[in-house]
Structures are given as structure tokens and as C-alpha cells.
Amino acid sequence: MDTEIQSYIDEAVKKAVDEQFTTALKKNSKAAIIASKGTLDMAYPPLILASTCAALDIECQVFFTFYGLDILRKGKNAHLGVPPVGNPAMPVPVPNIIGMLPGMTAMATKMMNGWMGKVGVPTIPELLDTCVESDVKIIACQMTMDVMGIKREELIDDIELGGAATFLNYATGCNITLLV
Amino acid sequence: MDTEIQSYIDEAVKKAVDEQFTTALKKNSKAAIIASKGTLDMAYPPLILASTCAALDIECQVFFTFYGLDILRKGKNAHLGVPPVGNPAMPVPVPNIIGMLPGMTAMATKMMNGWMGKVGVPTIPELLDTCVESDVKIIACQMTMDVMGIKREELIDDIELGGAATFLNYATGCNITLLV
Amino acid sequence: MDTEIQSYIDEAVKKAVDEQFTTALKKNSKAAIIASKGTLDMAYPPLILASTCAALDIECQVFFTFYGLDILRKGKNAHLGVPPVGNPAMPVPVPNIIGMLPGMTAMATKMMNGWMGKVGVPTIPELLDTCVESDVKIIACQMTMDVMGIKREELIDDIELGGAATFLNYATGCNITLLV
């Protein structure tokens, strides 16, 4: 082949790989999210991120593991709680000794649900429905189910089961990876 | 056209993408960080990571959401607390029943501030200043402000407001994405 | 050179770079994980992810910082605890006022160790050994050691010491980045 053509190609390739890298990163953008917490406050971030990914046309999978599996439990996921203890950052800080009293978890949870509803933030089951309907793939951690003795029928439909390898194999094709 | 040219291109691209991948990834490195916690201990990681990014010339944006918004609240961010309960990993473990007593959050917080100061770790407001001065872009979560009734003037200057979409749109161009 | 050839090359290069990008991302996949928690439940995710990375041939480094340093402390890492308070998502929820009683952290910890063992999940020291043996690079945060007065000899062998810059310099070459 003509050496002129060769060197033109070499240069074009170098330029394309360099310059189009950011574009390619954007275009091929995929998100892999781990949801490992089961409190009401920490159930929001993975679901808000995943549903926003869907709205932005970013392919997304969420892997629910450890306490995060509660977000997928039928019945239970509509009643996740906020702990009023051990959290000096609570909007209305509650002294730990008061937060200990029976009923305080229920009260903190009611407060947070009230705030969320007032500004139109959907509930956890609503956000989950949005994710499923907009093709966010939801994966329940099989190991956590075994450890905690949770059966498939306790979880919502439209999910798959998998393990850390399932998550990592998907994550290798992603640039956005987050653990909540 | 000449199949010889086509196969030369394919090979050159394959080589360039493979070989230059790590270099390009490094060169185009950008970090998108979410700060979702408002305790003193968990306020450090996003700010230390962001200011270190700046020092290493890695472009960085931090998105403050949920309790993490407290890190941006004037006055409040100088007095974030460490919870002495629910944390068996505390350097000096405090039995939960003692951690409950009034004044224990203040004592645990004082201890941590003491340790940090002794080895020259800057305070939260100081780290925040460093981030702003070194062009780390700081974004406050609008939804959290609405939910918690926080006004713009309660937050520090030199920040922007945004939502999950703001974060994700930036994150699509990043390879480093972390949620604290 | 013939402009027809030029435009052919430009287009072919663009197409090849786009198409081969995901393949390269997968092939060059590397993971940078931060372990910042020291409770038994949160010690599992970084170690399970890292050992699974090794099994999948994904290069991986784990940076242990803040309370996460306890995972590397000889003797201590075999006895990490689960806090029964401030966690409404505990599999068997314990009212906070009961979780406060002396002995309850020990009981919750014993329960979790029992569950894990029953389904064959390795212990923390076992998982750590697996990571070291399969070439996961383990880095202890020097700043945390200074802050908490932890000496090198208190930590397990086969680790390196480093700071946030060590982590970020490695993370710039990674696509999987997670903070636990």
C-alpha cells in the first residue's frame, strides 16, 4: 500500500482515538449501580439515579444486595424506615437517647415520607415501577437471598437473580459505576 | 474501494484503541463524586478525593445530595457531628448504651476533630475552600433543598444547583464515579 | 492524496473506533475499590467484589481508609461487629431501645456470622487471604493510620501504604470505581 496512505491512516486513527474518546465515552455510556442499603433514605439514591438514567437514555442495571434486597421485597418495600439514631445529620436532629424510645423510627419515617410527598417525590414502589417500565434491568443478589433465607416469591416480578460476577461482568462495559 | 486499505484501517484502529486505551483513559480522566452523608467522618472522603483530584489535575465535580447537603450549609458545616452509636468500628468503641447518653455525640465529635487536627488534616470548611479555589465544581441537589426546605442563601457561595440529571450528564464523560 | 480515499479513511476510522470501544473497555477493565466502613456487614462488599474481580481476571486494587482500615488489622479483623441499632433494615429488626442493651452488638454479630457460615460464605480473614493470593493489590491509607495512631505492624502483611493520590492515580486507568 502507498506509504502516504498508510501514514494518513495512522494519523487519522491517532486523532480519532484521542479526540473521539470523550464522545465515545458519552455515547457508550452505561451505568452499573449497587443498592446495598435498606433504609428509606438510602433506598432513594439508586432508584432516582436509575430512573434518571432511563430518562436520559443511559442503559442501566441495578444490583440489589445485602439490606438493599429489602427494596425488592413485596409489601416490605412500601414500609422502609429511617433510623432516628446514629445520624447527627437528620434534618431535625433527635438526641440519641430520645431516638431510642419505641416509636421514634416510625416517627422519623413518617416525617421523611411527608417531606418527600409534599414536593412530589414518588414513593419507593412507584420509583421501582418506573425503573422496570423504562427497561432498567433489576438484579437480586442470590447470595443475600441464601444468607437471609429470602424466597424468590417474596420479591417483585420482572427481576433477575445473579451474583457479584453478574454485576462485574456488566460493569466492565460501563463507565458509570456507583455503590449506594 | 481497496480491501487492502480497509483491512489496514481495521488493524490500525484495533491496535490504537487497544494500546492507547489506558493512556487515553488517563489523559481524559474526570471524576464525578456524590456526597450523600452529613456526618463529620463521611464528609471527609468526598472533599479529600475532590481536592486531591484538583492537585493531580483530574477534572472533578461533586454533587451534594440528601444529608450531604449539610456540608454546604454555612455555619452548620463547621459543626458536623460523629455518631457514637451504631458504629462498632469507632476507633475507641463506645457501648451503645453509653453512646446514647446526652453529650456523647459531642464527645465523639470532639475526639475526631482532635485527631484530625493533630496530624494536620484541614477542617471541612477549609477543605471546601480548597476545592472551590482549585476549580472543583460544586453542585447542590435542588430536590433535596425542596424536600428539606433549604434556601439558596443558607448554602455557601460559588456553587451551582442541579439534579440527578446534572450529575449523570457529567458522569457520562467520566471514568471515575464514586458515591460517598 | 485522493480526497475520495481521505474521506473513506476518515469514515472507516470513525466507525471502527466507535465499534471497538466497548470491546476495549471490557478487555481493559480494571477496578478501583475504596473500603471505608469497618462493620462486619460492610466489610463483605469490597472483599467479595475484589475476589470476584480476581476470579474474572479483572485487575483490582482496594484502598482501605477510615474505619475500613479495621479490615486489615490483625486480630481485630476476625471480630468485626454488626450494629443492631440505627438499622431498621436488619433481617430480624431489633427495636432501638433493645438494640442499646449491653451484649446486643455481640448477638447481632453472632447471628450474621451464623447466616454467612451456613451458606458457606468465607470469613473476612479468609476473603482477605483469597484477595492477597489472587494478586488483588491492597493499600492501607497512611493518613488514617496517622490520624488513628495505627502502626504498620498492627496490619496484615502483603499490603502497601498510600494516600488518596495513590488511589486516584490508579483509578484514572480504571472504568470500575466503587466506594463502600
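The chains carry the letters A, B and C, assigned in the order they are written, with residues numbered from 1 in each.
Heads up, the rule we're going with is that contacts are C-beta pairs under 8 Å (C-beta built on N, C-alpha and C of every residue); 3 or more make two chains touch, one makes a residue touch a chain.
Just so it is clear, the structure is predicted and the values come from calculations on it, not from any experiment.
**Q** Considering chain A as a copy of chain C, what rotation angle in degrees (nearest 5) results from a C-alpha superposition of the former onto the latter?
**A** So the angle, rounded to a multiple of 5, is 120 degrees.
**Q** Counting shared numbers against all numbers at the contact of chain A and chain B, is it over half, same, or under half, different?
**A** On the two sides of the chain B and chain A interface, the residue numbers are mostly different, under half being shared.
**Q** Between chain A and chain B, what is the gap in Å from one C-alpha centre to the other?
**A** 17
**Q** Two or more other chains touching the same residue: where does that happen in chain C?
**A** Expected reply: 5, 9, 13, 17, 21, 25, 83, 85-87, 100, 175, 177-179.
**Q** Along chain C, where are the residues that touch chain B in the complex?
**A** So the residues of chain C touching chain B come out as 4-5, 8-9, 12-13, 16-17, 20-21, 24-25, 27-28, 32, 34, 36-40, 65-67, 70, 80-87, 99-102, 104-105, 109, 143, 146-148, 163-165, 167-169, 171-175, 177-179.
**Q** Can you list the chain B residues touching chain C in their complex?
**A** Result: residues 1, 5-6, 9-10, 12-14, 16-18, 21-22, 25-26, 29, 31, 41-42, 44-45, 48-49, 52-53, 55-56, 58, 83, 85-91, 95-97, 100, 115-116, 118-119, 121, 175-180 of chain B touch chain C.
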